[in-house]
Structures are given as C-alpha cells and as structure tokens.
C-alpha cells in the first residue's frame, strides 16, 4: 500500500508542493519579521491538495464565475494560502516578500478587496464558514455547479458562529459545502494542560467528530499530513449524500520545522537568522548561508 | 392644526416592496432570523418561497450567509429587528459586508422606541452612530411608507452595502406619491425662519407636528428631513442652518454620535452654528406603548415643541 | 406508580402552582394587550418546580447573597417568571397587571435594574447561559455554595453563544450550573415542516441530547410537564459529578390552553375576550364573565 | 526639538498593574480570549493562576461570563484585542454590561492602527464612537504607560462598567510619575495661542510632536489631552476652544462619531467654533508597520503638523 502510494507521481507532486508552501511561508515571515507560522505549516498539505488537485480555479482568470470557492476562515494562516496561490500561478513568488507590508496585496489577514483570487476577507475567527454557507446556497439558487471549501482551525471551532452555521447548513442540504478543520490541537495560548507542549488542546480527542456529527454533518476523519488520505476524503466529500461534509484533519502545528512542531509559542513570532537556517534545512532546502542565490524565489509552478 | 394621514407600517412595506422587486429581479432574496412574522418577511415568503431563506435564531451566521450570497450575484435583504441586525452581528457586518462593500441590504424593522412593548434589550438607540462609523455603508432612515418603498427599490438597484432602518408601526405620511428619494439628498419639508429643525426617519412626522404647534405659538420652524444620514447632504444642512442661524436636531435615538453628531460635525467644519440635540439623553430605555415612550423620552410632537421653546428661550 | 405520585401533596401543590402561573400569564397578557404566550405556558411546570421546590431564595430578601441564581435566558417568557415570582411572594399579584407598561418593574423582557429578584437582564437570546456560567464560576471562586439555573429555549439553542458557553463550562467543571432547555419544538416562525402545526422544530428529535452530550455535559432528558420527573432531574443534577448538567425538558408550546397548544402563531399575540374566557375554562378557572370577582387577583402563596 | 522618552507598551502595563492590583484585592480576576500571550495577561496568569480565567476563542460568551462574575462581587478585567472586546460581543456588552451597569472592566489592547501588521480585520477605527454611545459606560484612552497604570488602578476601584483602550506598542511618555488621572477631567498638556489641538490616547504624544514642529514654523498650538472621552470634560473643551477660537481634533480612529464627534457636539451646544477633525477619513485600513500606517493615515507627528498648517492656511 505505502509502496504504491510512494510510486504515484501525482501524490509526489502534491507532497513537493506542500514542502514548497512551507518553504515560502518561512521565507516570507522571516522577511516580513512578522506573521503566523504554526497554523500555515500545519495546513500546508491541505492547501497543496486544494490548490494543486481539488479546486477548479483559473489563476489567469481569478474571478471566473464558475470557479470553486475557497475561504481560509482561519485567516491568520494567510501566508500559507498566499504561498499556495503564488505557486499555483496567481501571482509571482517575488510578491510573497511584500507580505504584511504597507500597500501590499498580501495583507496580514486576507483582504479580498486587494487580491483577486481571495474569495472572502477573513481574520476575525469564526466567520468564514458562514460566508461559505452563503456561497454554497447561492450556487444552489443560481443553478451553478460550484463547490465551496472552508478551512477552520480547531481553536476557531470555539466560536459560536461556527455552530450557528453548522446548524443551518444541513437544513439546506448543502452537500456542495466542504469544511476542513485543521485539527492541530493548539490555539494561540489556551489553557495549560496535557496536550502538545504542556497546553490543553482546544478540542478534546474525539470531541470534534462527535460535535459535527451531532450537528448533522457527514464527518470524515483523516491524517491531515497524509496526501493519499486527503485526496480520498475530498473524493468522498464530492460524492454528496445531501449533507454538508466536514473533514477533521489531524495535523501537527508547525509541521515540517523540527523546533516549531507542537510548540504553541510558534503560533506567531519573528524568526531569528539561525532559526531560519535550521528551518530551511529541516525543509530540505540548501543552506541559505551557503547558497545566497536561494533567497531569490524561483518561478511559479502549475 | 393639520392632521397628517397615517401611512402603512414600514415593516409591511418591507414585505410587499421586496416581494414586488423579486418579481422582476431574480437576484433578490430575503434572509430571515426567525422573525418573518414580525418583520413581514412572511409576505415575501408567500410570494417567493424558494427565495425566502430562514436562518433560525443565529444572527452572526445570518449576516455572514448574506455576504456569501452577495458574492454569488444575489441581492440579499436582511429580515430581523434592528438590535439583531446591527448590534449582535456587528463584527460580521464590519468584516464581511462593510469592508469588502458586499452587496447586502441590511433592512431591519423595529427601529427606534416603537418596538411593541419589548424593553431595553430590543430598543437600539445607537444604530445610527454605529452604522455611520463604518466605511462604505450607506445609512438611510425613510420618513414614512412612501419613502420606505422608494428606498427599498433604490437599495435593490444600488451596488454596495446599505443600512435601512424601518419602523414597526404606522406613522403619519410625510410624502405624496410624486416624492423622489435620492441618496445623499436632504429635503426641506417645511419652510421657516426662527429655528432649523433637522430630523430623520419616522421622527420627521413628529417634528413637523412640533413645527405646527410652534407656529401656533408664533415660532417659525424650518424643517429639514435627512433620510440619508450617510452620505450626508452637507450643503443642505449648511443652507438650512443659514436660514435661521440656529439648529436643533431631533431623532429617535441617542443624541450621542447619531444624526445630531453628524450635523454637529458638519456644521463645526463648514459653518459653526449653535446646535442642540433632542433625542435620548444617554439614558436607559424601557418597554411601554409607543405613545407613552415617545412622551417619556421627549419625542412626541408636543414634547419636541416644548423642548424647542425651552432651548430658544435660553437664548 | 401513578397512584402514589398522585397522592403526594407536595407534587400536587407544585402542579397547582404551575396551573396558577398559567392563569396569571393569561390574565396579564390579556390585560397588557401584548406579550408572549406559548413560551411562558410551556415553561410553567418548570418554573413552578424551580420557585416552589428547588431554588433557595428569600422573597423578602431578594438580594440575599447566598441565594441560588435563576436566569431566564429566553427572556421573552418573562411573564411566566413574573407570575412565579409573584406567587412566591416577591411582589403582589396586582403588580402583574403593570406588565409591559411604561415605568413598570415588570418589563417586556426582564430588566434586573428595575426588579429585585431578577438575577440578570435578558431578551436578546443566547446570553443567559454565559452570565450563568460566570455566576457559577464566581460562586466557585468566592467559595460560596450557590447553584445557578438557566432556562433556554430550543429555538434559542441556535444561537452560537449557547455553544460557546457549552464548550467553556465543562473546562471549569461547573457542576453547580444547571441548564434547562424548554424543548417545546417551536420557535417564533422558523421553517414550514413536519413538526407541530406544520412547522419544523428548531432541533430535530434527539438532536439536542446528542449535541449537549458531544459538548461534554451531563444530559438529563425528561417530560417537562411531569412534575415528578422534573424534581427527579433536579435531584440528579444536584448530585454533581464534575460536569455541568443540562435538563432537556420536552414540553408543549402553549401548554394548558387548548387552542394555543402546539400552534406557532401563539408565540406572541393579543388575546380576544372570547379566547380569554376559553383559556380560563381550560385552566380550570371559574368563567370570568360569570364571576367578575375573578378578575381581582388573590393573595401571594408560599 | 525635544525628544520624549519612550514609555513601556500599555499592554505590558496591563499585565503588570492588574497583577499588582490583585495582590491586594481578591476580587480582581482576568478573563482572557486566548490572547493572553499578546495582551500580556500572561503576566497576570503567572502571578495569579487561579484568577486567570481562559475562555478560549469565544468572545460573546467571554463578556457574558464577565457580567456573571461581576454579579458575584468579582471585578473582571477583559483581556483581548479591541476588535474582539468591542465589536464581536457588542450585544453582550450592551445588554449584560452597559445597561445593568455591571462592574466589568473592558480593557483590551491592540487599539488604533498599531496592531502588529494585522490588517483591516484587526484594526478597529470606531471603538470610541461605539462605546460612547452606550449609556453608563465610561470611555478612557490613556496617553502613555504612566496614565495607563493610573487608569487601571482607578478602574478597579470604580464601581461600574469601564472601557479602557490600550495600545500594543511603546509610545512616547507624556506624563511624569506625579501625574494624577481623574475621570472626566481633560488636561492642557501644552499652552498655545494660535490653534487648539485636542487628542486622546497614544495620539497625544504625536500631537505634542506636531505642536513642536508647528512651533518651529511659528504656529503656537494649545494641546488638550482628553483621556476620558466619556464623561466628557465640556468645560475644559470650551475653555481650550476659547483660548484660540479654532479647534482641530486628532485621533487614532475614524473622524466619524469619535473624539472629533464628541468635541463637535459639545462645542456646537456650548460654544460654536470651527472644528476640523484629523483621523481616519472614513477609509478602509490595511496592515503594515506602525510608522508606515501612521504616516499613510496622517497621524504621525509630521503629518499632523502638515494637516494643521493646511487647515489654518485655508482660513
């Protein structure tokens, strides 16, 4: 099984895209001296699967009416989304270095008025799912074959608005709506506890599955770093059964960078030069000190 | 004293006009927060059951859903009370609607004091102050049923977020069928020379009533109706202030930051003038029959007239 | 079993108090020509059990610091609460006739600044449970043996804030917090459907139990018109096991008045004279037309 | 030009002062919305772990819990960002805190533009307009670390709801250790004769900087610091207006309904005066480094000075 998976060139490509998303996240945040890290890194595999496999989008025509929609409800992970979009060709990798800066299209939190290809502005947690529900309902009402994907954080699932939407969406049998929860078991600060890094996970084990189930959703529970499982979940979600689907994707916050994995204080933080070098090594990049050209961002990839 | 004819309740106009709009415009939908039987969204529902979207008692989600619908080319009208359209989901209004200029029509009724004996949880005194502080948001308070109909029709055609505060109960009719609402244009509804009264929404009828009472006592009031609190018709306000040199604003809401605030800001910048503000004087409110509340809080025609006299007497 | 229940004088007293609450609700709303009916009637048995059995309160000392707290989160049912309080002796039954009027202490929705004995102002749905959680936590922090009861509507359980509180309360092991859901399967308007009166219930059968369970609460599911079951549930809730408790009380909206039972449009509505007479008959009162003295409210009862 | 010393970030003062207060006052607790590491509620947590109440990312519930805690005799201080203390849970603030005058201290940081490169979802421009429109709510924006400390100490002793807007980053220190904050009292922080500048919060330091720059160009600015936007010190504002006959307000927030609105209302009623308002001109905001944003939106010392000159030149 794992041998055949390993041999699948499409999966390999997606894994490479996930790796490159992580590299661009680190590079951009290092450059901006600000930004979130843990969340974008935990979501990187999901974002790669979305932008290089699942979403029907046209980078050259970002406002194409019949595109699938994607809303990053956990808007603080914007740099992960921007990296995926840049790699997919919505804009250049160079532009990533404007992240967070004044007059940038790549705002600290996604601002749809500035960057074409963003389907909704987010940053205040809990809202993306409502907007996504409205899009899915709107697609239904206008007879358009559009699917809507929304990514939430597990901490974000404490916001009541998430459960308002969770209650309303099944009423409208919106099986064109797919919610993905980046279940990395850390929020920004939380309670001390026995989760990762001596903190308490915002949702106890199994709790999220039970909750979404009780609210009438189709629940798919997967390893959010296993590309084959991610594609499989997308496929199942696409075979609508009248219920909206939620993919609970178990992930590791800070995934891919040894010293960030599972550490809550890497939620948001500036990176020091030594840390930058270590992160790049962890991600399989040439040492930036040894190769100054590595700082120059390569071309966008399809 | 001239008695004005009563108009239909603005909430009824809401149900009927939006239903009529939807006959010709397939983009029009209504998003309701479980109060369609109060806001008369039920009239719309009857006409267009498939475009009546019940969201239950969950206003944050409701406003977010409306924002999502708007991105798909639909024109959602929100059905709920002012309290639950403006205050409960304010963050959603801000991030998902005002900031991205989503084409959502926030059209709650039960504005002001006349909410059917509900009390302070349901009476919102600061919706004007709040909504006009948001970039990109148009803020409109129609005077009567005629203007409510016009404003709703205008809102459906206008691209961008709009806040329309509607009333629950019948109020006197201010405008005839030939009236023409225009965004950002204030209207002189009575000419006068001693004092300029500026009001908005259903209060304008009572302000006119006050002007009649004042006329009987030899005070000539110039009355300006500001349906659009934002964008504000600064020229009209400056001109109206110039007519008498003395301005009093009258609104069914708090005197802090609402219409009175907008007028004080505009005149402070463009034509320093003495401005007094009649309205809720930063007090808590309560339940009671409409007339009792209007009287207690000084917004009935008689009480407005009395306050205007007192203010003028102070010199 | 039912014979021994019927013979219990305390239960009989509570049932009589519930009946009298309903009578006062009808009388007051008839008099005020405004107010909600369906919700107060469905909650009457629960309110009677609270005010005449469970709550440690002192009508003559309504601000007694160590009293149990009660919050009517579904504040639109205020007249039910006022009737229970008047019967319990917090104020006279005559005062009930000021309900909804200007300058009344009995506001359309509960206003704690006006009426001593109200533990929180409500009316904007979804909030009472949060305030109740704060009180339960405050009792814990100040070492006071105070229990907190909060009554929610089933429609109200669509408010996200309810689930925010539901998520947070178990973190603090607040087993001094008891939530009661008046599960009358109607809200104000809702969707057409196959529930009572051709409307859809705000919560599908079994859904509420599953939801509260998934959020980590101790769930007690009862018939909210059966006094013995209500007392039993209170007793179980009092035997704290570290979890907050929720009592899902199945009720009938408009209970006790034949033509109001299960009809959504009696959520709020003025009563006509013929309807008034019929309601009083249904509640076992002498016909008001036949006995004009019946309009004079009797003394408060302990 | 005099350079002012930098004060400590107000959010740090929050963590430290509230922790210190809790040493002597067992009623003091902190209620946090998962951002204690940002608001520095973590300092309090370290000192008083049992009185640090984490509520997760659920601000409506958080404010409601605070209201409940207050009824039990505790004095809760809210730890979150301005966006999530004022806008997200506004209905709870209104019904559970402002209306019943609950003894809750709403003390968020990350006020104004300087929020650490977040963008428009996190930058709240209308918190002053919103909070001052609520009955019973005191609204205070301390100028610096010294005053933040005083205000927090005052708030703990004061009975009733209080809104204190705090800043994220260090700003210049305006007051010495002998300064005495008093609710409802505005303070002249610089004497002048050509124009009266009125500002609040961290903006006062930059307004003083502007005054220095103006002085170098021969313009003498009188500067009034209004820490308490509500209750407003009308006498001080009228007196300051009288000093120069010409007022310009300066605030890190929208010019609609905020400090500028409060000043325009007060002067319109008590002393008609020309009032210009410097601040966010009803525009959408964005992320960026503090200095870049202050410059773009016209709130750096240099940009304020430039606007004051331009306004005065217009006559």
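The chains carry the letters A, B, C and D, assigned in the order they are written, with residues numbered from 1 in each.
Keep in mind that, in the parts below, a residue touches a chain if its C-beta (ideal position, glycine included) is under 8 Å from a C-beta of that chain, and two chains touch if they have at least 3 such contacts.
Because the structure is a prediction, the values reported are computed rather than measured.
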item	value
Joint neighbours of chain D and chain A, given as chain labels	B, C
Distance from the mean Cα position of chain B to that of chain A, given in whole angstrom	42
Inter-chain centre distance, chain B versus chain C - centres from mean C-alpha coordinates, in Å	35
Averaged-CA centre spacing for the pair chain D and chain B, given as whole angstrom	30
Multi-partner residues of chain B (each touching 2 or more other chains)	54, 56, 58, 60-61, 83-84, 88, 91, 94-95, 99, 120-121, 284
Junction residues of chain C - those touching two or more other chains	111, 113, 121-124, 126, 158-161, 164, 167-168, 171, 191
Chain-level touch network, classified as line, ring, star, complete or other	complete
Complex interface listing, chain D residues touching chain C	29, 50-51, 53-56, 58, 60-74, 91-92, 94-96, 99-101
Touch list for chain B against partner chain C, complex	32, 34-38, 42, 54, 56-58, 60-61, 83-84, 88, 116-122, 284, 286-289, 292-293, 296
Residues on chain B engaged by chain D in the complex (per definition of touch)	83-84, 87-88, 90-91, 94-95, 99, 120-121, 125-126, 129-130, 132-136, 247, 254-258, 260-265, 267-269, 272-277, 282-284
Chain C - residues contacting chain B, complex	32, 34-35, 75, 100-104, 107-109, 111, 113-114, 121-126, 155-156, 158-160, 187-191, 202, 265, 267
Chain D-facing residues of chain C, complex	69, 111-113, 119-124, 126-127, 129-139, 141-142, 144, 146, 160-161, 164-165, 167-168, 171-172
